[in-house]
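Both complexes below contain chain A, partnered by chain B and then by chain C.
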Partner chain A sequence: MFQYIIKRILIFFPTLFAISLVIYALSILAPGDPVANMLTTAQGGEGNQSDKIAGEEAYMEMREKLNLHLPTFYFSFSTSAQSDTLYKIQKLSHQETLSRLAYDSGNWDNVSAYYHALRNFENKIYQFKPDSASMAPHTNIRNNVGQVYFFPEDAKIKNFISKIDKQFEKSDSLKQVIGADFENVKTAYASLRSETSTWKNYIPAIHWYGTNNRYHKWITRFICFDFGISYQDQLEISSKIGDRIFWTMLISILSIILTYIIAVPLGVFSAINKGNTSDNVTSTILFILYSLPNFWIATLLINYLCNPEYLQWFPSFGVGSDLVEGKSFFQALMIRGWHIILPLICWTYGSLAFLSRQMRGGMLGVLRQDYIRTARAKGLDENKVIWKHAFRNSLLPVITLFANVFPLMISGSIVIEMIFTLPGMGKMLVDAMIYQDFPVVFTVVMMVAVLTMIGYLIADILYAFVDPRITYSSKK
Partner chain B sequence: MFKRIFSFALLLSFFGMYLTSCVEEVESPATKVRVHCLGDVQHLNPVTATDAQSTIMGFQTHQYLYTLDPVSYDYMPVLAKQRAKVYEEEGVIKLDFEIRPEAKWDNGEQITGQDVAFSLKLYFVPEAETGHIKPYLDYVADIIVDEANPKKFTVVCKRPYMSAETSIAANLYVMPHHVYDPEGVLKGYSVADLLSDDEATKGKLKNDQTLKDYATFFKGQKFKREVNEGSGPYSFVSWETNQRIKLKRKDNWWGDEVPDAEANTWLRAYPLDIDYVTINDLTTAVVALKGKSLDAMHSVPNKQFIEDLKNNDDFKAKYYLKTPPLFSYDYVGINMKEPRLADVNVRKALAHLMDRDELVKTELYGLGQSVNTFVHPAFTNRLNTELEPYDYNIDKAKQILADAGWKDVDGDGVLDKEIDGEMKSLKFVIDYNNGNQRRETSCILLKAACEKVGIELEILPMEWASYLDKHKKKEFDLFVAGWVQSPSESDPSQIWHTKNYVDGSNYVGFGTPESDKLLDELRMTVDDSTRFQMYKDLQAMIHKDVPYIFLISQQNRVVVSKKYDAAHETGLRSGVFPNAMAAKAVETQD
Partner chain C sequence: MFFWKKNKNENQNGELDQSYWAYVKRQFKKNKRALYSLYLVIFLAFIALFADFIANDKPLLCSYQGKVSSPVLRSYAVDMGLMKWQEGFLNIQFSELEYDWAMWPPIPYRNTTLDAYNSRFKSPFGEQRVESWRWRHHLGTNKLGNDVLACMIHGTRIAFLVGIISMGIATIIGVFLGSIAGFFGDDQLKVSRGRIIINILFLPLALFYGFISRSYILGDAAGVGFGVFILQLLLSLFLFILVLVIANGLAYLLKFIPFLKKKIDVPLDLIITRFIEIVVSVPVLVLILAIVAVFKPSIFLVMAVIGAVRWTGIARFIRAELLRVRNLEYIEAAHALGFPKFRTMMKHAIPNSLSPVFISIAFGIAAAILIESFLSFLGLGIPKELNTWGQLLTQSRSAPEAWWLAIFPGFAIFITVTLFNLIGEGLTDAIDPRLKQ
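Take a look at the complex of A and B:
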């Protein structure tokens, strides 16, 4: 047994590593650019923001702050047509386009030359001070250049080139100053399309980046319990979690205890009285409970039990911070308890219904067994038959469910937290996902992963305790 | 059996009575205001916070030189004694400010021009997380503090700018240096250096280790979670995550010594306590209001405000119900670079297909109005009233499209036309951010009308990040969005100048060299009447070109307890200004 536990714990590490990789990969594949989003939230409505240069500086600064200027992983596995330094390109959207172009041409050097020619041309455009004659073509060129970074398609780029050419025809002064730079773009693009080596797309290439990469930086800090800073509000993630985990755990643990205390005897009771009116009534009630969505029940409870127009028995929100000031410990406990009754009910009733159905099913299966009949036949007391012989054996499905309880302890429930305004983990996690606040998402998901594994380990151990047929020691 | 039920019922009613007795303790005295907020503040550092809730709290704990009056929307001098003297000297714009003689920090030290200079430097410390506000202040070249009277100081501008006076006066929190820079690090740097445009100076400061260390200190967790101190009437007491923020009236606040403080909204501070109470759900918040756990809230859902609260006499006897304007508008953005939508006739036809009155009726329950331009109707000085609205008129839309040569060639019920040698149909996608009911209704109304004229519109709800991404990449046909504005005058360049097409907020690609020129001149024009005329000209250009279908502007729904003298509602984002809520005088019989 001991050996088994040690073995299981050792397996934790590779599993966690795999989970961290999956979350990390998902965060990279998610649409949107976290830097751009953060900068957008920082902008006001109609400000005089976004001088181009200032905007790019801010973008770069933020990118570096988030370590996004580093390679994503220890190595990259791609084709030899692709660049190993693509991550150095500032903008995520540019990276996507260039990667597509590299696929088309098979020649990264040419793609890079084209990109640099384009950047250079764009800079020149922004430096150019137009007079009244060159104003219109200048504006047109400027807008089109910004767009071309999003186009990998040949037709679109050609269309862009012809548009710019037309603008140059309208203004000689413009052509004299920046015409040559545009010629460079055209030449670079022409060679990108002519000197193709698409066969390179079929040659695999592995690039090694070493430990100076984003994943390494994140995971090494994570192991030392430095979860970093939230993108959303720049608060330390450990402190954000610290603020919320207490209430989430308190309510979940109370809810779990309540669920088991009520559901297990209820399930047993139903199983014993299978087919009786009492079983039918409890089954119906439990089915109804199970199918009622908790956001609806929560809203109903608030509307009818917290509202002076009906019954004002409970407070409608929060955890009573206002009211506990200057109260004795016992009074404070009462006030806090009074605040969490309704959330607790909403949190509990669904799982209660589910668990008691499981318990009933498990119990029924066992009651049909031969040894139960034997026990009854040899004249054992009915209570003894049920609680000593049947109950213990019917616990297996319930124990399997118990494994899921651990992650539930910290993951919280967005719906209940929102409706009752509890400082909980669920809302924090969902907000973090919406804002692409990956450090927060990583941390919570990793914590959930650890707890899930612990849950399963405990469940496995419990199996052995409950059912002597299950053993983890190797047979000698 | 009945006995059991009876005793259970008795027990339940005792329990109920006990609980009810607990609930009654909730109501608070009129010297305390509990204001609802939907979410937490970002953090406590007003300089680096970017969210609305932080600004709302910042109004009570910190001060600007001027703040917008919540009723007249004019700038009121708060720390400043009066409005600045603006003048030109040797081709340079200068502003003379003077701080109120009474203005003091909590430790008794005078607030002087040095504090303003310190605060400005704070915003320009490299890596200080102030990118959101820097562009509003970087026109300042230097601040010169009068040696004889340090309460007087002169702001020297790098270039003319229409909001030169208000931009520094109403965006710069004046911060106490003894709290935020106890070691005096920034004394070693001048305003001129930190705000310099010179690349060499910039580079040097960027790599300056002392400044880097200071930035780390300033944006650290201490000022984000624990310490918040300013010259405002309220001091920060505590912050409980997702529950509430408590503020307390200062005993010896400098504003009490100002002779005519009553006349200035931001120098009034009647309640002894202000609590910002977080309730994440608006329906729950209304229940809490009814249960007297809240004293003031805004953004009550329209339906509830009109159908429930306004019809509830009991409620109306206890609460003020007000509907100040909200300075924001919804619009349908049209991708002007898309070949079919580049045809102004198609855009005009679409504008005629939007039933905005229906939108006001069904979504806002009448609490709002349709708009025709980006200037809020309340600002008559710069509103162009001569624009003829694009009315909801299906026949007119049909006519415009027919005149422009759009007809159903292939018999599929959708209009077609040859553009650049290619047959194109009027099939578009309109997207909005998933979960926004008002925007969804706008899409549905437009789609229904489009079907009647032979335009096929597909509605696409999108997740927020993808929605933004799509606009940035210009991969959209139409989208529904909104802009939140400040009631103060702001530079329209961000949304309408072509230089903001690629990376900025001009998503739709509006702009001509003429409109750009107008915008460039507008932001440099200091004379009011000329500038207002420019606003009107710009609105006419936009109206003619239809880059947006302007939809609606809402009214806020504010509810405040009648234990205060008035509702003190405002069109500013906060909805109410609790500092002015005084207890209602008790009516006495003669």
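Take a look at the complex of A and C:
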């Protein structure tokens, strides 16, 4: 028994690790530059050097806040053409371009030299104080210089170089001051393209970064309930979840209670009357309920029962938070109940049908057992046979089905909360997905995964407790 | 193969075929509900397969400027890049051409056709601006003027495509992993230490030459087109396997070292059941949501993800079945005759344990269709312009007066899911006779 539980718990951790890796990989693959998403101010918008510096500083600050200045994982496994310090390059888009250039040329030193020459040139451009003659070409160069970081294609970079060259021809003073810096860029780029060593793309390289990496920071903070900040409003995700979790939990728990209260007697009733009309009717209804998609029913209910044009029996959104102010407890309860009842129905009926079908099946299985025949043969009262002998034994697997019901609830919450606009976790998840607010998405997914796993863990342990045969087999 | 060889229930002597498969078939046929469900599913599959010929905005056959052609068939060739549209057919509305004569599909609209004259939720029974009854929108239109019936028919195709392909992927993974776990167990596969070590060492290398060093090539190919990408992907897989084959060649040389030569048991069953446990505890729906939120909407992605997480049921079924089958006499006979274990598994063990897998597939298709419509409903993962069942249903939320958008697609989802569930139930009863009686 003890051994079994220990074994079960030991499996919990690699599972958690695997899931966290999948979710982390997804968060890296997520499109867009998170820092740029967070910063609403346009960088270098006015074109002043001070603006540009301020923008870059804000970028750096946010980057450190999001830990993006750290390597991605404990180690990297790449081609030897790629640099192991690429993560130190400030912007994500620059990193992508440089990585591609490194692949094309196979020579990181040259790519790095090119990048630094380009950065130097860009700085010089911003530092340059133009007079009236060099104003137009200077502005032109300044507005175009940022683009080159975004494309690794040879033709586009050459086009860029020739464009800048043309601007230099227009102004001698510009050429005198920063012409040399641009020549550096050109020579660096020429050597990048000429001194290629693409064979490096076929040599594997492994770099070890140690624990100072993004994954390590993320998972250690996650364990301490520090989930980071949301892209949308820069609030702490933990506080956002704290606000939302109440309604999801409330409806889930009510729904689970309701499910068990109705499903268990219904299943037993069905099993006792197997083959009767009443069993056929309930079985059919339950089967239909089981296959009815809850988002369809929820849509129908909200379209035609909460709509002033048809029947307005129920409120169409929210949980009535602004209606309950100043009301007595009982009235408030009524208002809340009125708001919750339809979501609760949609939330519950699927798992209800699932559970009572399981209960019926389990009960039928038990009723066929020899000991039930023995109990009947020795003249026991039928009620006693069913409730004392059969019911207790068929209940055990149903209790542990709790683990299966739980994920069902969470996935139910997503769509039901969305349709009935309840302020819960499911709605938060869908909203975050639509706004591409990935930290929130991955936090919720990770939390659901952990809760699901805990559910399975509890169910397995419970099962081991109530069914002694499990213990026996593990000792063997 | 195993399932069409025994099509007849009777053998030459007119006796009932006593094979397991024939027995299952007879039992399934006894269950009328499941049998009719199967017929209905075949009917729906027919609609899905011929959706382009039932509902299309191009004529099936037409004569235009004296030339007879079939734009529907031509569109297949054009989509595959084999042909180009004829002069006069490029970038036009087929419905506005002056044909000599034309044979239209029963529903002259597609799921993507916009009827500008009948936009803004035209009711099936209300007034519609159409030339004749032939052009009416029999199930109404949505806000943009898509014909709901055409969307329903093409939605059948998408639902079936997602259901069948995702479960196809799941079946391949599940049968493979489940059968090697069940057949080899923890003590049947003996491998020399040297081979294990060298395989572990070469696996990252294979990954490197197959995928990491080719990541830009693969990425570029994905940008060019789907076919090119698949070609490059196959090449990558080939390189991956090639490295592993070389590694196993090297393992022969290690045989001369006594320590490395010693054979040990590979606990395949243990490894695979642990892996199944990990995958099972993943909250499938939420994970799928996270994945489709990150990538561009595509039904192929949805199929692949569903397939990649829903194989565990199949693997469990076939593992349990093979654990039983591998101790039967005919497997022992095959061993005694000296056939390789892998051949015995493929030729004898798996074909005789596949039937429970069909239960899992039937329920799995129902679940996959439900997931697809759920994602469509949420507006995630499925391209918006497809107007699938779930997308039609979600459009009804902004216009409750368009009841036809709420009723028909929801009913279609419900019916399809129910039919597959009924087939699953029928199969369960047929395959596990203990539950019957």
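FYI, the second predicted complex is superposed on the first by the 282 of 476 C-alpha atoms of A that agree within 3 Å, B and C clash if a C-alpha of one lies under 4 Å from a C-alpha of the other, contacts with A are read in each partner's own complex, and residues count from 1 in each chain.
We adopt the following convention: a contact is a pair of C-beta atoms (placed from the backbone, for glycine too) under 8 Å apart; a residue touches a chain by one contact, two chains touch by 3 or more.
As the structure is a computational prediction, the values presented were derived from the model and not from experiment.
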item: Which superposed partner A:273 touches (first chain B, second chain C, both, neither); value: neither
item: Partner chain(s) touched by A:411 [first = chain B, second = chain C, both, neither]; value: second
item: Touching partner for A:303 - first (chain B), second (chain C), both, neither; value: both
item: First (chain B), second (chain C), both or neither touched by A:142; value: first
item: Touched partner set for A:103, first chain B, second chain C, both or neither; value: second
item: First, second, both or neither for A:291, with chain B first and chain C second; value: second
item: Touching partner for A:436 - first (chain B), second (chain C), both, neither; value: both
item: Which superposed partner A:427 touches (first chain B, second chain C, both, neither); value: first
item: Touched partner set for A:452, first chain B, second chain C, both or neither; value: second
item: Residues of chain A touched, compared between chain B and chain C (which is higher); value: B
item: On chain A, the residue positions that both chain B and chain C contact, one per complex; value: 30-31, 299, 302-303, 307, 309, 418-419, 434, 436
item: List of chain A residues in touch with chain B within their complex; value: 30-33, 36-37, 39-52, 54-56, 58, 61-62, 65, 93, 135-136, 139, 142-143, 145-147, 150, 232-236, 239-240, 243-244, 299, 302-303, 306-309, 311-319, 321-323, 334-335, 338, 417-424, 427, 434, 436
item: Of chain A, residues touching chain C in the complex; value: 11, 14-15, 18-19, 22-23, 26, 29-31, 77-79, 100, 103, 201-202, 204, 287-288, 290-293, 295-296, 299-300, 302-304, 307, 309-310, 361, 368, 407, 410-411, 414-415, 418-419, 429-430, 433-434, 436, 438, 441-442, 444-445, 448-449, 452-453, 456
item: Chain B residues within the chain A interface of the complex; value: 16, 19-20, 22-23, 25-26, 34, 42-43, 48, 50-51, 127, 129, 131-132, 134-136, 219, 221, 224-225, 240-244, 275, 277-281, 283-285, 287-288, 290-293, 328, 337, 374, 463-466, 468-469, 472-475, 483-486, 490-495, 498-505, 509, 511-513, 516-517, 523
item: Chain A-facing residues of chain C, complex; value: 204-205, 208-209, 212-213, 216, 274, 277-278, 280-287, 289-291, 293-295, 366, 370, 373-374, 377-380, 390, 393-394, 396-397, 400-401, 403, 406, 410, 413-414, 417-418, 421, 435, 437
